[in-house]
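The following pair of complexes shares a single chain, subunit A, combined with subunit B in the former and subunit C in the latter.
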Partner chain A sequence: MNKIDSAISEFRQMDELASGNSPVHRLEAGIKLAVTVFYIICVVSVDKYRLSMLTMMIFYPLLMFQAAGLSMSGFFYKLRYVLPLVCMVGVFNPLLDTSPMMSFGNVSVSGGMISMLTLMGKGIFCLMASYVLVATTRFDSICAALGRAHVPRVMVTLMLLTYRYVSVMMQEVSVMSEAYALRAPGQKGIHISAWGSFLGQMLLRSMDRAQELYSSMLLRGFDGAFRYASGERAKTRDFVFLTLCLLSFAVMRFVDIPELIGSFFV
Partner chain B sequence: MHMADALLSPQVAAVMYAASGTAAGISLSKLRKEDAENRSIPVMAVAAALVFAGQMINYTIPGTGSSGHMCGGMLLTALLGPYAGFLSMIVILTIQCLFFGDGGLLALGANVWNMAFYGCFIGYFFIYRPIMHSSLFSGRPEKSAVRSRLILASILGCIITLQLGAFSVVVETSLSGITELPFGAFAALMQPIHLAIGLVEGLITSAVLVFVYQSRPSLLRDVESSDASAQKSVKSVVAILAVFVFLVGGVLSLFASENPDGLEWALFGNSDAGYSENMGLDEEDFGIASNASETAGQIQENTSFLPDYSFKDSDSPAGTSVSGIVGSAMVALAAVGIAALGGYFRKKAFKG
Partner chain C sequence: MIEFKNVSFSYEIDVPVLRDISFTIEKGESVGLIGANGAGKSSLLKVLLGLLPHDGEISVDGILLETKNLPELRRRMGFVLQNSDNQMFMPTVFDDMMFGPLNYGMSREEAERKVDSVLERLELQSLRDKYNHKISGGEKKMASIATVLAMDPEVIIMDEPSASLDPYNRRAVINLIRSLEQTKIIASHDLDMILDTADRVILLSGGRIAADGRCRDILTDRFLLEHNRMELPLRFSESY
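Our next item is the complex of A and B:
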């Protein structure tokens, strides 16, 4: 499968996941978005040497994964390109920050090692939280929530339309690439002689398509915004979820619970 | 160049959100004035989707065996103009962030700034438009001259805007205190890589723009200015670029000085390093002393979420001790337990 085909299939997978039915799926999109953003802020604001405090943060995405029935292996596979990038930035820390921070007998652990692990942990937890949001919330629900949060309607409409057309365009690029590859066996990509015409042709067709699209939208009474037959509104359970999450994140962020637990045993 | 959430502190992320939000607000108001009938929305959506899909095409770089991609910001700007192009880039980056994990939700403001702002605004106002309206290559036949200007604008635009974007990544990561890598070393790692990427992206983008110009020039901005009197001279283009380079160079040099913080050095000096020429300010006793400033400082100290990136009343900056390790191990065990239980019940439900 080529890169574009795998992107199309990932796109569809996310759509299917988001259409599921679980307690997490049923939560209101705006509430989930707010909780995710607050969680990410709490995670990234943890001090770089506070590894023990950070470990506690795993519970939110983990519980959400379980409640929504999401697979952990699917998450790691999807983020196979992103995770190494996050880890790479932290890799230099053990080399540059060699000041010993703790020791086990003769073996001492440097500050750089701890800050590297903290950075990797932060990267993984934030990605997990974003994945939970997208895998349990339909894109149109997110856009509707943004609209209710007074994000300009031009942006919301633009996001919905672009999202609709991304899969159409990727399909078209996939067909074109396949056709090109069949006529150019053994060639890795598009030859320099076709650099301009390959995407240029598609661009010209797309601009015509955009005009047709605009005309058809006008015929259906488009006035700058899409309307929903039924607006999803936050219920009591959504507010309970929001309150619980905000409180628990704040506690986990300011109290080093693992150290507290450990102090009872040591 | 997509930054993940973990690479930014909340403070830097908030500043970048504010900066990108302001640029988006201005773009929206300009768009409303230019296009009251919302005619451009479907065009923007389709162009954004095209760029999104088009960035996945691999273009073979002759003689290297590797491949490159096109520069979305410059292409959208040439097609839609800077304001609509910027808004379309925001949408592309948001979808990439949500569906492909490219860049984080908190880092979206920074990513929009690094990849869309420079490409759309700096690329258009300082590079694309001055070059396209210039009398450069005017000795050639008109079509050939416009083609040459398009190629020059695309290549210069991609290289310069990518350099600015890469440098912003270095500044934002360093200000966030994420990496131990010194500022200079990090910049030396990022800039040359993006110089090569910028060149290739510029070539690919110019090939697409030249094709569009030959087939349907009306789709491109600033290519049909036949009025010779309206054309800027080569000197004026060079002057605009020179002012831009001077401004950017001046700002960058503050960061890129050998001293870890050029601005701090400029204000307070560093006699240990042999610098004596400065504004002669005393670091501990700097600014206007007043009751108001003292009170403000006190309030800030008491209320700040992250005072100087560490925690109030925290005796152990490391926060890692034996009890911390024991506690973390127990947390890890509990996490594994939850995952295992979840898996067990899912399997059971599947079988049932």
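Our next item is the complex of A and C:
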């Protein structure tokens, strides 16, 4: 299997994950979307020096991973290209902000170090929460939920079609790069002189297939509405989940629980 | 009834793909659409489905093919694409089969019942919850026909239904097509399959109708077929 085929396979695995049947999968898509957005807002808005406050935020994705039966290794593997970028954010903070903020015995920790860890944590937590959403909710249902949230229809349709076409485009790239490799033995990748025609052909072929796919949708009554995904309606348990999440995120965001617990002992 | 009256279509000015096509297909007929590459078979199907513009007049059961009637006409016509990968765009076979009925206003329960009854009829229950990317080419073709049948169309249009299938799956698809009671239009180069599935044949050549008549009459006419860059079906050829 070449790299592109394995990328297609990974892409499809997300569909398989999203078709699971755990309690998290069964939650209504709109509720999960709202909770995720609120969680991300809470995480992102934590002050860069409030690392202790941020640590509490890990409980939500950890609990969701457990309840949905998602594997942590799967998350790290799938996001292996994004995570280093996220961790790069704030990597220079320890050099720019050297003022000591706390100390463990003789070891002092600078503000830059704290803010770097906070920024990394924020990035990783947000990715984890987004992963939970995408791995437990079918993309059509997410789009339907966005539609119900009055996100412009054209944007939602664009998202859905992009999602459908990404795999089509990847398949075309796979076929073309295989055909290229078979006639260019010993060559690593595609030579720069062939990039122009390769990209042009890829675009044309992908457009043809995308057109065919869209025609197939049109011929089966697609008019931009998500009827096939909108059957689910929020139930009492969904609202209970929403309320619990919103309350706990708000508490974790405005009360520094580790600091509060620590104050009882100091 | 499907009626074409002087239908023409061209992608570029002065390069007509379909020229002055007129014919009528009665309800329940099974029509094979044959012709060499570039004869206009796929374009004719796309024009009929309203995917390409046209000059002239097309009507289905008296309803004129025009923009405002497209949803109603498309509900009546199911199209099986040549490449099943382009037809099966949802994650599972079940999702794909639900797509059409739900879009055409069936309730979820009703659509689910319909899907299950089609799967049972085609003996494809084992495919119901399978992922589309995990089923074989033959299964995918059968499933793509099932997605169309789930919409309960009055007319079934197929573009090269036997392409890329092994002999076993090809035979399964032929038997399935034969068992369908709807009006059928089957475009194919597989003349043996056309012999097994169609009562009537329309032979296209250079965008025009070169012949229109009983399947056996046309498919045994060596001169007519060879004149239009085709060959006798294998079972009629001397070398067979």
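Throughout what follows, the second predicted complex is superposed on the first by the 234 of 266 C-alpha atoms of A that agree within 3 Å, B and C clash if a C-alpha of one lies under 4 Å from a C-alpha of the other, contacts with A are read in each partner's own complex, and residues count from 1 in each chain.
Basically, contacts are C-beta pairs under 8 Å (C-beta built on N, C-alpha and C of every residue); 3 or more make two chains touch, one makes a residue touch a chain.
Everything numeric here is computed off the predicted structure, so don't read it as measured data.
Participant: Please work out whether A:R138 is in contact with subunit B alone, subunit C alone, both, or neither, and reply first, second, both or neither.
Facilitator: In the superposition, A:R138 touches subunit C alone.
Participant: Once the shared chain is lined up, is A:S19 touching subunit B (first), subunit C (second), both, or neither of them?
Facilitator: second
Participant: Looking at the overlay, does A:A34 come into contact with subunit B only (first), subunit C only (second), both, or neither?
Facilitator: neither
Participant: Kindly classify A:R227 by the partners it touches after superposition: subunit B alone (first), subunit C alone (second), both, or neither?
Facilitator: The answer is second: A:R227 touches subunit C but not subunit B.
Participant: Between subunit C and subunit B, which one touches more residues of subunit A when both complexes sit on the common chain A?
Facilitator: B
Participant: After lining up the shared chain so the two structures overlap, which partner does A:L246 touch, if you call subunit B first and subunit C second: first, second, both or neither?
Facilitator: neither
Participant: By the touch definition at the top of the document, which applies to A:L219: first (subunit B), second (subunit C), both, or neither?
Facilitator: The second partner, subunit C, only.
Participant: In the overlaid three-chain picture, which partner chain does A:A181 touch, first (subunit B) or second (subunit C), both, or neither?
Facilitator: In the superposition, A:A181 touches no partner, neither subunit B nor subunit C.
Participant: Of the two partner chains, subunit B (first) and subunit C (second), which one does A:R209 touch, if any: first, second, both, or neither?
Facilitator: both
Participant: Please write out, lowest number first, the residues of subunit A touched by both subunit B and subunit C across the two complexes.
Facilitator: In the superposed arrangement, which is not itself an observed complex, subunit A uses residues 164, 209, 213, 217, 222-223 for both subunit B and subunit C.
Participant: Give the list of subunit A residues in touch with subunit B in this complex.
Facilitator: Against subunit B, subunit A makes touches at 3-4, 7, 10-11, 14, 36-37, 40-41, 43-45, 47-53, 55-56, 58-59, 62-63, 65-66, 69, 72, 78-79, 82, 85-86, 89-90, 92-93, 95-97, 101-102, 111-112, 114-115, 119-120, 122-123, 126-127, 130-131, 133-134, 139, 142, 152, 154-155, 157-159, 161-166, 168-170, 172-173, 177, 187-192, 195-204, 206-207, 209-211, 213-214, 217, 222-224, 256-263, 265-266.
Participant: For subunit C, which residues are in contact with subunit A within the complex?
Facilitator: 46, 49, 51, 71, 74-75, 77-79, 81, 83, 85-87, 89-92, 95, 98-100, 102-104, 108, 131, 133, 147, 151
Participant: Subunit C touches which residues of subunit A in the complex?
Facilitator: Listed in rising order, the residues of subunit A that touch subunit C are 12, 15-16, 18-19, 138, 140, 164, 171, 209, 212-213, 215-223, 225, 227-228, 231.
Participant: Would you pull the subunit B residues touching subunit A in the complex into a rising list?
Facilitator: On the subunit B side, the touching residues are 2, 4-10, 13, 24, 28, 31-32, 38-39, 41-50, 52-54, 56-60, 62, 65, 67, 70, 79, 87-88, 90-92, 94-95, 97-102, 104-106, 173, 177-182, 203-204, 207-212, 215-216, 219, 305-306, 309-311, 317-328, 330-332, 334-335, 338-339, 341-342, 346.
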